[in-house]
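Next up, some structures in structure tokens.
One chain, chain A, links the two complexes that follow: it is found with chain B in the first and with chain C in the second.
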Partner chain A sequence: MPGLTSTMLMSVQSLLADQAALQVTSNNIANANTPGYTREVPDLVETTPTVEGGITYGAGVTLEKVQSIRDQLLDLRISEENQQQSGAQAQVDALNQVQGLFSDSTQGIGADMTAFFNSLSQLSTNPTSIPQRQAVLTDAQNLASSFNQTSVNLSNIQSNLNLNVSQAVNQVNGLTQQIAKLNAQVAQMQQLGQEPGVIQDQETQLVQQLSQLTDVSIIQTKDGQTITTANGSALVVGGQSFALQASADASGVEHIFSQGEDITSSIKNGKLGGLLQVRDQAIPAVLNQLDTLASQFAAAFNTAHEAGTDLNGNAGQAFFSSASGAGAAASFAVVITDPNAIAASSDGSAGSNGNITQLTAVQTQELPSGASPTDSFSNIIFNVGNLTQQAQAESDAATSSLNQLNDQWGAVSGVSIDEESTNLITYQRAFEAAARVISTVDQLTQTVIGMGASG
Partner chain B sequence: MAELDKTRQHTHGEHIARVHALCSEVQTSILALEKNNVMLLEQSLAKQEALCNQIAILKAKSAEAKPIDARSAAEIRHAYMALAQKNRTYASLLKRSSRTVNLLAGFYRCYGASIENKSLDHTWSCEV
Partner chain C sequence: MRVNPNITADILTAIWQTQEQENTALQQVSTGRRVNVPSDDPAAAAALVGNLTSSAQNDQYLQNTSSVEGMLQTADSTLSSVVSVLNQAISLGVQGANGTLSPSDQQGIAQQVIGIQSQVLQLANTSYQGIYIFAGTATTTPPFVADPSALRSHLQRKFWHQYG
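After this line comes the complex of A and B, so read on.
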């Protein structure tokens, strides 16, 4: 039959369990506003009962472990959305810079093209006027400068993105090193039977930061989290991290390598994915459209110009020069420097303005690309705007989705002050009751001792 | 003539107002999804349906009330562009929410399957 001593021991055990539960509750309350903190619950279990004389006696309570409340499915979705949100936002930031090159309607290629054709129209009213001819050349120079400057600015944005790529790779490597260290700690604590909740919280935070940088797959193993890139290359396995390398090719473009393999094209999400998307696809597409416009416009205008006669009675020569294909916009230039060399005449007479009609017609004439120069430029603006709006919509949707998932995460893993306040009172009452049991057992013991003394 | 112009302006004004209202209602649906508020989502969907019907009628009226002035045309175009952009975000959010729901459904299916398999090995009382 259990004696007063075993009752006393059971009560002490109960006091200790309630005290530990109170500590867990107070830690939850203290971390109610700590980002990434996962609430903990004390796992109280009944101590193995004792059997004496065929009767089973309860043996009190034990705090078996303190458990963090996690939902791995939500963690996975938050990681996915972080990757997509950061990728889309990186695209929006970069594309906004590209859009800035085309958004001003008062300057740039569009405005300069309009000004150039307006000057030509004015020249038709007085084709022998040298100041009018000079104005045409000045506006042609402005148009050429706009083509050159836009091409240079696009290349500069591309170079800046290139720089950001290598910086992001360094950030990825820093994070994977930290995660590997925490992975090792988690495994060690689990081996010792300790609850690694706090370390796992830190690890989850770092994994979310990593997700913002690149697309990763996370697999839970007995050695902690195994993290791989989108194409399956290992980033973290147990306590070991595998660094990514950024290495520039002959043209200075940074490529990303994982254990010797070029994985640049497989990175689609995270900040890195967004930067690579704009650097390797969006900007080259815009540059290609711009080069096509520059070379086809130069060719069409030169054809019209060569059909006329200049003020000196000579056959018209090439007005613009431009490389064909890549680099056409960057090399776009005005060949003619002499105002007299503008071939305004169609019949060879100095006063004729017949060829100006042909020259101004180029503005609305269909180029080999299938659109007029003005429409081609509008298409570039539309494409850039469309890409930006699409990325913005993706970023907004991913942000909303993250809010939705974070709300759900809060409901599962977040600290509810109301719930913790209730727990506080519950454990306080249990602690008081256990203390009262001890006090009662103490009185009973004194009574028993008194009985012995009086006997 | 002035009366016709007034009617035309009124129709266009109403048309733009309804498109703006639909845009705002799509935003409400986005917020409802964010907050997992099914009731608000259902109310918003009902309002969207009503607004779509009204817009279809007004669109037909606007087409009859041609020619439309450039300012009104630009206003209508801007309103529809804003609606299209909001729709893009909404469509993408629905796709993302579906992914969460599918993952959860897959998880429960997997869990259910494991119970079903167990039931082959154990008696009903064991399971209880």
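After this line comes the complex of A and C, so read on.
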């Protein structure tokens, strides 16, 4: 039968539950601006009722646990979007450096090629003029050093990206180690029946950081989160982490290995994916176009030049030299040093400018690649600009959907100060009421004791 | 419905986007160009290469024509000088054909014609900035040489024929 004592005990339980709830609320308020903090709610449940004489009496409240409010599917979506966004952003950053090499229309390969052909054209008005011949050689050298410089700068960007790749791999390894530790902690707490909310908050934060670095797929298991790379090799399983290795091949290019397997080409997203995409696809494509232009241009110009006669009456020699294939732009050079050796004449006489027509025609004639030198160069500019623009658009799209997902996350897990303030009042009132019950029971007990004394 | 209570992130993103647009607009205003990097408009940036080349070519053609123009003007004035001295030679010939002239007068006229010959020769070897302009492509050597004795003997034969 319910008595004063049990009512008293029930109220004490209420006080404890309300105190705990107040503590949860104040912790929420304290962490309102903590990144990754998911709001917690006190899980208040009815105590098992007592049944006496066919009547069920409620036995008060207990705080079963403090629960973090999270949506694990949403966390997975955010992780995916983080991979996309960071990958695109890394591409944008790297490609912006690449397109910087092609941004100034008043200098560089395009402008120098125009200047070179113009000074040839100028030479046609006075083919015996030594100063004008010298000007042609100077402009040819400027063109050569533009080819060299652009090629070197592209390679430099590439090797910087290479350095970034090995740094990113180190960051990945640091994160997977920490996640594995937290995984173990979560598992242990769950075994002991404890709520691992705080640890999970940290873990989710780290997983998001990891997602910003590389492709990962995440599976929730009873041992915590199992994280694998894009091709399925394990990064974190339970409390164990598996490090990625970055090791350079013969030409110094960093490859990424997961448990002995080269996974470089399967990494598509995250910062690593973006870096690799620019290092292994975008820059080699631009370098290849540049090399093709350099070697085909040198060959076409040499053919035209060798058909003419120089000021000394000798047949024209090769004007430019360039390796064929890879490295053509880097090795592009002017062979001729003597202004007399420019073969302007088509009939052997000094005053003939007949061959200059053939030389200047190289500028607009199709190379074996199917485009004239000028068009080839504008194709390079188009490709660089297009790649950058695409990466930018991808990054913008991913950023806005990431923002939307973060809003959803906030709607589920974010701390609302308004809500917490309301809860504060609710629990305060409940606490006051429970205290009032205790004092009432106290008075009743006094009355009962008084009854005994008088009786 | 519960909404994201923390709206600062959204506000900041919106501010950043606006700032980025502002930067782009400012860059366009300060450079006076719509396309500052290839990614602003890849097709336009590529077309710019061709347009700049054509424009520079045209400038060069204009410069070439003006430098050749000087040479052509010299050629033109040289040729008019040749015409005028040849006209002189013709009128001297008409004058010399007059039978009332004394042999010494005729010889004087012949001397003048010889002088005109050397003038024409000089004009035919006119050079412009070191280039012999009537030499075809052999611009470095004087294209014409005189043979004064041939002219003199021709004149003497003429006089002998008339006056026996």
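Here, the second predicted complex is superposed on the first by the 455 of 455 C-alpha atoms of A that agree within 3 Å, B and C clash if a C-alpha of one lies under 4 Å from a C-alpha of the other, contacts with A are read in each partner's own complex, and residues count from 1 in each chain.
Methods note: a residue touches a chain if its C-beta (ideal position, glycine included) is under 8 Å from a C-beta of that chain, and two chains touch if they have at least 3 such contacts.
Predicted model, so just to flag it, every value in this text is computed and none were measured.
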### Query
Looking at the overlay, does A:Q389 come into contact with chain B only (first), chain C only (second), both, or neither?
both
### Query
Between chain B (first) and chain C (second), which, if any, makes contact with A:F117: first, second, both or neither?
second
### Query
Which partner does A:L405 contact after superposing on A: first (chain B), second (chain C), both, neither?
first
### Task
With the two complexes superposed on chain A, say which partner A:E81 touches: chain B (first), chain C (second), both, or neither.
first
#### Entry: chain B versus chain C as contact partner of A:Q99, first or second or both or neither
second
### Query
With both structures placed on chain A, which of the two partners, chain B or chain C, ends up touching more residues of chain A?
C
### Summary
The shared contact residues of chain A with chain B and chain C are 389, 392, 403, 407-408
### Message
Can you tell me which positions in chain A touch chain C when the two form their complex?
### Response
32-33, 95-96, 99-100, 102-103, 105, 110-111, 113-115, 117-118, 121-122, 124-126, 128, 345, 347, 349-352, 363, 374-375, 377-379, 381-386, 388-389, 392, 399, 403, 406-412, 414-419
### Task
Going by the contact rule at the top, pick out the chain A residues touching chain B in the complex.
73, 76-77, 80-81, 84, 389-390, 392-394, 396-398, 400-401, 403-405, 407-408
### Summary
The answer for chain B against chain A in the complex is residues 30-31, 33-36, 85, 88-93, 95-97, 99-100, 103-104, 107
### Query
Which part of chain C faces chain A closely enough to touch in the complex?
1-6, 9-10, 13, 36-43, 45-50, 52-53, 56-57, 59-61, 63-64, 67-68, 129-131, 135-140
